[in-house]
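Two complexes follow with chain A in common, the first pairing it with chain B and the second with chain C.
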Partner chain A sequence: MVIIPATTGQMGVLPGHVPTIAELKPGVLSVHEGNETKKYFLSSGFAFIHANSVADIIVVEAVQVDHIDPSLVQKGLAEFTQKLSSATTDLEKAEAQIGVDVHSALNSALTG
Partner chain B sequence: MASNAAVPFWRAAGMTYITYSNICANLVRNCLKEPHKTEAINREKVHFSISKWEGGKPQRPSLFDLIHLKHELGWENCSLNVIME
Partner chain C sequence: MAMAALRREGRRFANPLLSPRPITAVRPSLFSEEDGPTGFRNISTQVVRNRMKSVKNIQKITKAMKMVAASKLRAIQVRAENSRGLWQPFTALLGDTPSVDVKKNVIVTISSDKGLCGGINSTSVKTSKALHKLVSGPDKETKYVILGEKAKAILIRDSKQDIEISITELQKNPLNYTQVSVLADDILKNVEFDALRIIFNKFQSVVSFLPTMATVLSPEVVERESESGGQIGDLDAYEIEGGETKGEILQNLAEFQFSCVMFNAVLENACSEQGARMSAMDSSSRNAGEMLDRLTLTYNRTRQASITTELIEIISGASALEG
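What follows is the complex of A and B.
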């Protein structure tokens, strides 16, 4: 089973899942194989769930959760929270919002 | 199952999905521990090698990054899209 971070919420996918396409948000993908669970942080992307019990997960960046540096996450979160309050244009606001979203997701990946 | 948000905030600000997802990926790379961070950032670098042909033979190649490549070719005003795997 895999649990994927879809924009609509966490999505558990077991063999025989109904075919679907899901947009992913920055968050944790967990892969459950027997008693083992592997966790990866995904930057964003798409998941394609096929009718034949195959799921493709397409992302730009996928990293192991234990490769994330907690101090850099805290630093980034503070930096982009500050940028969000001082942003003037729509583009600056959006860039700052993405920064806050990604670092918040990284933070909850480490704490949760 | 469809998202309730008609348009995501980054789209409303004029970003494309490629721009959005590359920003996300860059932020993730910058939060990695070493040596994974350097490895991930270096993986994203793109260099171009150009050789001039003289007398039917290629001359010593020069290496350029994207900005210097445009300068070398006189393409300063062009936009160059590089598609990577």
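What follows is the complex of A and C.
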């Protein structure tokens, strides 16, 4: 089973799932194989679940959760929160918002 | 006037030839080749020696280029092969649809910035031109987007009015996804299209490349095709999660697909470029080697001949004095 961080919420996918196209948001992808669970942090991307019990997950970046440095995450989060409050144009705001979203998702991935 | 001067020159050159040569007979120096005034005998060997030197230098350069290409190829080949995983899911979902007929075609030709890499640039240009002919027709619009200096240089000659954007110096830094997605974004923003057709050389092995076309359809075309049960009819079977409307998610999907396909295409083309350069440089250093062998043979033979001639002259001169 895989659990995918779709924009509509976490999505568990088992063999025989209905064919689906899902947009992903920054979050944790967990891959369950028997009793083992591997967790990856995804930046964003798409997931296609095909009718023949095959799921394709395409992401720009994927990192194993235990490879992430918590102190850098905190630092990045603080930096982007500060940027968001000081942003003047819409573009800057949007960029800072993305930064905050990614870092808070990273943060919750590490703590959760 | 000039002719007269030439004739005078000619006479001056001819004189030592015609005059009897008692000097050599009296002073039997075999080694006067270097210090004498540039005698008529030395001319040919001097030219050959210069030629040999330049061929040797060229060979050194081509050998070095081959080494550089080989090491670059090794680095990039792994990345190119890994990047194939990026487009494969899209093809599994949307299928490869080169034959979908649309009004606005945009041909994205990928080539290299530098030359000396065999025929890969001319192949992609030829394929692009053929495709241009194939898809253009009445009330249709076909434009070029060009990556790389070489394709630009060729296409600007006869299709200048069709070139929408040309981008060069892509490979100054090592290729990465961020760079390519910025590029893809640029193309998506500035060009109107119904279908993007990306032409590149797919890397097969160091000596073989396949000119390849990847098709990315615009979200509207994807929707139309899937609703009318055309070539991507399977898409309707999929539930769509996230996004407000189907159109919105298809838009995101198409943009993401384009950046992924582009990323793979640039990597494949860069990989083919290095491979082609490697084999081109290999064959030219071999050619230079062969040429050098031939020149060395000629040089040695001429040198030997001139020594023999001199010996004969000395001996016959000496025997004439004796007799």
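The working rule: the second predicted complex is superposed on the first by the 112 of 112 C-alpha atoms of A that agree within 3 Å, B and C clash if a C-alpha of one lies under 4 Å from a C-alpha of the other, contacts with A are read in each partner's own complex, and residues count from 1 in each chain.
Note that in this section a contact is a pair of C-beta atoms (placed from the backbone, for glycine too) under 8 Å apart; a residue touches a chain by one contact, two chains touch by 3 or more.
Computed from a predicted structure; not experimentally measured.
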item	value
Partner chain in contact with A:Pro19 - chain B first, chain C second, else both or neither	second
Contacts of A:Val73 with chain B and chain C, given as first, second, both or neither	first
Partner chain(s) touched by A:His50 [first = chain B, second = chain C, both, neither]	second
Partner chain in contact with A:Leu106 - chain B first, chain C second, else both or neither	first
Dominant toucher of chain A (residue count), chain B or chain C	B
Partner chain(s) touched by A:Val28 [first = chain B, second = chain C, both, neither]	neither
First (chain B), second (chain C), both or neither touched by A:Thr8	both
First, second, both or neither for A:Ala96, with chain B first and chain C second	neither
Partner chain(s) touched by A:Val60 [first = chain B, second = chain C, both, neither]	both
Chain A residues contacted in one complex by chain B, in the other by chain C	7-8, 20, 23, 45, 60
Residues of chain B defined as touching chain A within the complex	1, 3, 9-10, 12-15, 20-25, 27-33, 36-37, 40
Footprint of chain C on chain A - complex, ascending	6-8, 11, 18-23, 45-46, 48-51, 54, 56-58, 60
Chain A residues within the chain B interface of the complex	7-8, 20, 23, 26, 41, 43-45, 60-61, 63, 67-69, 72-73, 76, 90-91, 93-95, 97-99, 102-103, 106
Contact footprint of chain A on chain C as seen in their complex	86, 88-90, 92-93, 177, 181, 237-243, 249, 252-253, 256, 260
